[in-house]
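Here chain A shows up in two complexes: once beside chain B, once beside chain C.
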Partner chain A sequence: MNFRYLKISLTEDFPTFRLIIAAFVTAFAVTVTVYKHIDLSDSVSASFSAPETIILTLTDMINRVFIFLPLYIFVISGAKSTDLGNTGVIMQRSRPGLVTLEIIKVLFYTLIFFVILLIIVLATSNAAFPQAEDFTRTFFGASSSYGISSDVLRGTPLTAVVNLFTSMFLTYFTIGIINMFLSFMLKEEAAFVLTVIIGILSEILITAYRIPLSLSACAVFILASFLLMNKKNL
Partner chain B sequence: MKFVKITAVAAAIAVSAVLAAHFTREHINEVHEREKSLAEIILGNEAAAALENEAEKVEESLQTAVTEITTTVTEEPVETTTAVIPANTEVPEIPINTTASIEEEQENIVTDYQIGGLIDLNNPPENVISILALTSEQQALLSNYLIDHYFLDGFIFAQNEENPAVRERKYAAAEMESAAVQTVNMIMSTIDISNPMNIFNTDFADLIKKVTEIRVGFAANYGKESIEDDDLQKLYDGSIAYFDNLIASLEKINTAATDYKNSSNALLAASLAAKSLTETIIPESMNILEGSFDLVEASQPIFLENTVGHTLLTRDEVKAILSNPAYIIQ
Partner chain C sequence: MKIFSVKQALTLFGRFFSTDLRRIFTERTFLTSVFLGSLTLIIPLVLLLSNSETDSLSGGYVTAQSTVFPFIAPFLAALPFAGMYKNEIQTKYSELLKLRRGGRDYGFTRFITVGISGGLALLLPELILLIFSLISIYTDCIDDFKRIVAVIVLAFPFGFAFAVTAQAVTAFTRSKTIALITPEVLYLLFTYSFPYLELDEYYPPLAISPFIYSTPNFANIFVFFAILIAFSIVVTTAYKIKSN
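Let's turn to the complex of A and B:
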């Protein structure tokens, strides 16, 4: 692995414009969602806590599937170098090395995306509601309407937030790797559209069947990428 | 160059986070300063009670790890604060206040009542009590107080009336009002608010049919009687307008519920449900409740005719009491 080339690649392919757009769109979406929770808590004269607002924002299907997911794929697809037969291969000395590099880049930009998401969600939730160590009665009462499983309610709000972020990170990372493989085979636009469709289907399966698809799919695709690395002809 | 890129992204993140927090704080201030209507307060209390029930269910399921948990509903006194249900209460003796009196020399009818002044809105109580925190006795006290001073039990006033002509008018007004109360009770019992999503599964077509039948019966029974009497005519016209408004609101809610049920895409259905609840169902429900309060206030002069010394609450005072029962409960 040529780490010098990795550093150059990260710099050259840095999707500045796309990350800026992602920041503003995420802020808008999160603000609109938090507005809804403010209105709900006012109408019942009760209040959520900041961690609960984060949970409700991140479990909102409209946000996850139609806003954050396409936005993430938009960022990831702008950070890729798709030339398999050119400089990258030469610098990495092998195609498997290039694939490894691309996976590391996907991981890197997924981390950046989630840092953006975390900062904005924290800023907005803490501006709206206070911190709390336990779940509020309002959240308990509203959990079934929001489709939140009782497993979430067993721990503290902080552990629920951490689990949620971890699960979402793994899911999006998996989808990012799918996008990476598709963009090797197809044009960027086609890979983008196909990845969004696959991502939406994955989210539905995870939400409807509550299968930890993110973990298993992540493992499958990482395994597939290592198998690909060992293939002589790509 | 890479430093510029990183700085640009970091600046965008900071600006978007600051803007999001700023607009959120502004919205909170706006929401807290907004004056709620009486219907919003009543619906809000109903929703809070429903959430409390759901919270108890969730807590029990977590403790016992049993999926099917039954809970007892103990919120009957809260229901009485939301529906205009005449209760069997005595009209209390209230000290006479000096107001303008109306005397009709031919029939020797003296009407003397005051509107407002029972509580001081400019001097709210120091403590705040939630309706959900009231005991059964306190909830009964609150309910009776509101009925005695706002909703009024028309049949009790009619029974206690000695003048035959006035008694007939009061009975007519009480019957007219009870038709409207019947529709409010029908709606409250049909729509299960313990889970707002159940609203989309309610059979609104049947509800609309029943309300329409009540309206037709009402027009047939009372159309002739009220022509000679201005107050009863006003109550009759107000009732007809209320029924028409109710049917129109139920039609809109029915359309929203049907669109949701016919939506085959689970994801779009969820956004449609949220949009329908916010833009149609909640505003139309508040519209229905506000209409019923207009009727209550139109019937008050009739029920209080030939009575002396009664004091009524204004709608703002009722709102204040429902927001904080500490105004009347210590």
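Let's turn to the complex of A and C:
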């Protein structure tokens, strides 16, 4: 595997501007969600803790499906090695090698996106709500109305946050790989629109039917990608 | 840089302005925008009339206008500019323009052209809806007309503000799709967030359908437009300074 290609590709196509926009919009969306929960906790005259607010922010359908997901795909689709193109195949000497490095690239950008998301969510919720080691009674009462499954509430708030982040990471990473494949075949804009539609549909399905899909879907798509990469027309 | 006399500069400015206007109004996307806008206004009116849910002109007009139209209005306003921009990139007309300008900057002329196109893309469907409403609903109440005129007049600055926002976005990207989608995304984001941020009086759909609340505050609506236009001017100017 030629890691020089990865280095060139990362330095040439790093989507700095898109990441800045994503950070701004994420910060705005998270702030709005925190305001929403402050209103709610005032109306029920009880307060949520910071980890609970993080859970509410990450399970909020509008945030997760209609704000974070399109932003993530916006960042990923800007990172495609447009200039390298076929040169990439020559540098790698094989298509499987190229696809593997592209997957590593998607993983790298997904990590960056989630680090930004984590920092913003932690900073905003900690600034507005107090820390707590256990779930509050208000949260237990309100969780069913927010559509939070009982699986999330089994452990401590910290484990719930870690689980949510992991599942979200794997789901988004899978969608990122779908975007990568689509961008091999289509123009950037068409791939972006199609991935957003696929992503929104799959997120809604996962939430509606409570399928523990992220891990299995991720595995299936990585497998499919390795099978597909031997196709000459990729 | 080529030096022009004031008279020459004004002639060139006028020529650039009229050519630009002619180009944007003959764009297929402008007609598409008017057509889509008319459809989203007339279909709710037909549904209202078929269910016999309205008997006053302003009631029918305002309800039909505030059903679907406010939520796709920014997209419709940005559509004519997006079509023109795509053509300019594909045919390399923008490069030719740079040569023909001879160093003069007509960025703000383009601002006016794009704004007018966005404004008319929303105004024309509303006028078409008015004609349909007048044909289908009888009225002799003058208050009806006052409400309708207020709604129609607001369509133009709304279209203007969102079309120039789409143009400002092209400072960052050469993608037609991003320029087309960004005003709509911003609009939906503000529509979602403003009630939680206690900015209800600036709620974006009020800017095009002011009668969603019983007493519209027109001052707030114009503050909203002014912020959008100012943002677009600042972004475009900053980009021009940077690129020079």
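As a working rule, the second predicted complex is superposed on the first by the 224 of 234 C-alpha atoms of A that agree within 3 Å, B and C clash if a C-alpha of one lies under 4 Å from a C-alpha of the other, contacts with A are read in each partner's own complex, and residues count from 1 in each chain.
Just so we're on the same page, a contact is a pair of C-beta atoms (placed from the backbone, for glycine too) under 8 Å apart; a residue touches a chain by one contact, two chains touch by 3 or more.
What you see is a predicted model; the values in this text were computed from it and never measured.
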(request) Using the superposition on chain A, decide if chain B and chain C clash or fit. (result) fit
(message) On the A-aligned overlay, A:I62 touches which partner chain: chain B = first, chain C = second, or both, or neither?
(response) both
(request) Using the touch definition from the top, say if A:E189 reaches chain B (first), chain C (second), both or neither. (result) second
(request) Pick one for A:F108: touches chain B only (first), chain C only (second), both, or neither. (result) neither
(request) Give the label of whichever partner, chain B or chain C, reaches more residues of chain A. (result) B
(message) After superposing on chain A, what angle in degrees do the C-alpha centres of chain B and chain C form at the C-alpha centre of chain A, to the nearest 10?
(response) 70
(message) Quick check for you: in the superposed arrangement, does A:A128 touch first (chain B), second (chain C), both or neither?
(response) first
(request) Would you check which partner chain A:D39 touches, where first means chain B only, second means chain C only, and both and neither mean what they say? (result) both
(message) Contacts for A:L153 in the overlay, against chain B (first) and chain C (second): which applies, first, second, both or neither?
(response) first
(message) Please give the nearest C-alpha separation between chain B and chain C in the three-chain superposition, to the whole Å.
(response) 7
(message) Shared contact residues on chain A, chain B side and chain C side combined as an intersection?
(response) 28, 35-36, 39, 62
(request) Spell out the residues on chain A that touch chain C in their complex, using ranges where they run on. (result) 17, 25, 28-29, 32, 35-36, 39, 62, 67, 188-189, 192-193
(request) Would you pull the chain B residues touching chain A in the complex into a rising list? (result) 1-2, 5-6, 8-9, 12-13, 15-25, 27-28, 31-32, 40, 43-45, 47-48, 50-55, 57-59, 61-62, 130, 195-197, 266-267, 270-271, 274, 323
(request) Please give the residue numbers of chain A that touch chain B in the complex, ascending. (result) 11, 14, 16, 19-20, 23-24, 26-28, 30-31, 34-36, 38-39, 42-46, 61-62, 65-66, 112, 115-116, 119-120, 123-124, 126-128, 137-138, 140-145, 150, 153-154, 200, 204, 208
(request) Would you pull the chain C residues touching chain A in the complex into a rising list? (result) 172, 175, 177, 189, 192-193, 196-197
